[in-house]
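To start, the structure itself, in structure tokens.
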């Protein structure tokens, strides 16, 4: 944790409300996100108990498994969930745009993409498990399920796996998204409680964030956001209701279970939409929109794969797929960090503290400085900046700046409060700099040793050429009956 | 010993189960917890009486599921477990003996059951021909600061390459080779307690304690089926942490010696067991022994809400978690850190660097926000 | 939804919260009385809902005891036979000491029965009482298996007409009896096949479950194991344990004959006789 974030938490303790960690929103927020709050039966790996899901704050769908240990009821639940999620997801496939690429065929990309919002990290993990437990099912054979179930499984898997990709917003956990933008006066561990986190950010009138957060810890006032339910609720309310259903299955008994879980889901449903409102209150950062474009591409590609009848996502990544995923993630993380810093002075502030970035006033500028002769002559303007920041940058370090994203500069010299740098990229071909391209004396500037430049992907062998040291080529996916027979108990 | 009895009051010492013993290792620096555990104080009851009931509870569904899975693994003379051990450790077919150490007729006392376990383990360690393969419901013992705790591991397996193995049955699932890391870690800590107890027993019997393997067999349901699968867990690290913590507990006497003579955590229960001790008095008593609160306590210690409240009242930076504390270079209170940040407080010796950083952070934060 | 239902729901939610508050405060008595009140309100809610619904859909009502067969459903043939009779049938198929769980599974799979574990809970005690009041009055008793300490083994049931050797449990006996169970179930299915009768799917599932823990049974994911293969594989392992197990059982049986009276021989030694045994 940066000293800055720590300081923000201290200030939150003192003032009694959460402190801003960002001036813009660093995640895209859909105009019509789908909120998904799953509950699981305690003690079971992936037995769904209920879910509240929908795109309209006023009209949540409540899905309930009145006896979560019943396999057929679970798949009925999955089919019901598919009926809500799939039309929402597939609705985004209708409108596409053509993307031109240099040196490659243009391709079609969906104009917008679906966005799932879950309460927290554990709901995200449960979404992945739900996907895992349904994507291998088949619509025919002895263990047939509704045809929509495996499709749902593959979409849930896609969303949950995509959420690991730094900066992706196709599936967001509310606690994570909020924590990215606000610092509370409690520990990160306690921030995982959505009610208490929102208590800090937006306490009810007349209450401090600290008090609201404490109150939010009472499961009777604010039931846990799931997927785990409150053990007291399980013992006192849920267990008798499920027993009643077991003894006399029927709509009335099912309604009683539904009534019970609704009390646990309603408050979280309202919290989720408050989280949406809080996040909407921040203007969207430039990088967030760019990353959403990548998300749309990823969504489109997966939809195509699905339409072409590709196999379900494997249980384990092959060695090459794993290595390339890791490399992709690292690149995405670096560029995500850089983009946020360039989008947001509050994020940049943390880098200024560590000396990787600085702001200051231009005290000297030589926009006409050039290197090379004749046709090789290139504009290399020189700048000297006076800063109060503790600069820790070596000569030759490449720098970027939020104000002129296309430019790259290089550290020439750091002398106390004076930093001299040379603009080495993005000056164009002209003999003189275009007006405004080079900061003038008196300008406020910010430079940082962060790069969100595109880096070519690491070169890895094709999956069929996986070296034996890494397990050799992965076996081709052959659907096995074991997959769909696997009990879900 | 009398000293501990006085601290606890007129109730029997609360026995430690493996889970509780494993939790001792979670926050070894906390004197409050060390003293109360050593004295066998019922921390849950104490916290409730103080008005800060512990936030824990186990769902009846989880309990039922755990019991059902254990029964499944143990059915028909541990038929499932035998299959796993044959697959996992190459247990030879002839080694299939099953002994239920708990099945000794009537409703035996812990003492009797422990004696029976002792006898059979001794026999097994002494003579290979007399040794069984699976021992169900063994009852082990561990001394914690002078108090005996009885511990019941799920199964002890013997003669896997001449060594005893602890078998730990857990009902959390392993999906595609992955389980929740917290749960695996908790299982490993708990299994380490059993390994230690069994080693202690062998040593007492004059056998080589190293005959108890540091590899325990973890049995969990695999994927979404109920079918048990086995994994070997190396618990050497957990054992080392546990030993260290237990030796610290043994030295808890030194802390106790420094406490006021008349100090007691007695709840003074009436005939119905309802505590009558005035709450302010109890609060004072508990506060006499210093705590080291950390947010991690929220999932391991019954007193967590009380200690958190105390830390908050004192404006402690502990409240915000280790990461924040590290970033603050160990500055103890919120007001001190904020004072250094806004320059209203002169840094003490050794605080110059963190003060400089905080002042800078304060300026940049104001500028950027 | 009517106002009455709304009001009841509100009351239900409030009561639930109070119950849980009471439980958290460890106030058992208050929790119980609140819970009772809660059940009452829930019943009223059920009733109010029923009053609203057209009565055609569901017939069972809350007043009906849950043990009773559902209205309109035909009674299963097993239900006409007393529980002890059904248990006896299952144990006769198996021919070895078995747990209540195994008896229920076997009876359900092979006899299409619907025994419940709870029905077996008090069986052994009832049998013992009957035996003690008039010894050997019945043609058979459902009785205990004997541990090597001559006490009643926890959870295992046997039949009094079996030889003591079969009712004794040595260290290898659980394994031997498990393998025998697999063989008996497989043989039962083979007999059905020979008679041209369809194999109940429950029987196949039971056999799969048992066969999974018998080494050497070929596993095909699509099909249940072949009964003949199960018999062959289980016999192969049985061969390994049979001699040692028979010896151990014989020793226990001899001791039981020497030291226990009739009732103890059937239902297990008492603490007193065990202490004598221990001292000797």
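The chains carry the letters A, B and C, assigned in the order they are written, with residues numbered from 1 in each.
By definition in this document, a contact is a pair of C-beta atoms (placed from the backbone, for glycine too) under 8 Å apart; a residue touches a chain by one contact, two chains touch by 3 or more.
Owing to the predicted nature of the structure, the values given are computational and were not obtained by experimental measurement.
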Most central chain, judged by mean C-alpha position against the global CA mean: B
Chain separated most widely from chain C, comparing mean CA positions: A
Interchain centroid distance [CA atoms averaged], chain A/chain B, Å: 35
Distance between the centres, which are taken as Cα means, of chain C and chain A, whole angstrom: 50
Touching two or more other chains - residue numbers and ranges from chain B: 227
Where chain A touches two or more other chains at once, by residue number: 232, 235
Residue list for chain C, restricted to those that touch at least two other chains: 24
Residues of chain C defined as touching chain B within the complex: 24-26, 99, 101-102, 147, 149-154, 171-175, 177-178, 181, 212-213, 215, 237, 240-241, 268-271, 274
Partner chain B, residues of chain A touching it in the complex: 1-11, 13-14, 20, 23, 41-46, 129, 132-133, 185-190, 210, 217, 229-232, 234-235, 238-239, 315-316, 345-346, 348-349, 352-353, 359, 388-390, 486-489
Residues on chain C engaged by chain A in the complex (per definition of touch): 9, 12-13, 16-17, 19-21, 23-24, 35, 42, 46, 49-50, 57-58, 60, 62, 66, 221-222
Chain A - residues contacting chain C, complex: 219-220, 232-233, 235-237, 247-248, 250-252, 255-256, 259, 263, 480-482, 485
Interface residues, chain B side, partner chain C - complex: 48, 53, 71, 75-80, 82-83, 86, 93-94, 96-100, 102-106, 132, 227
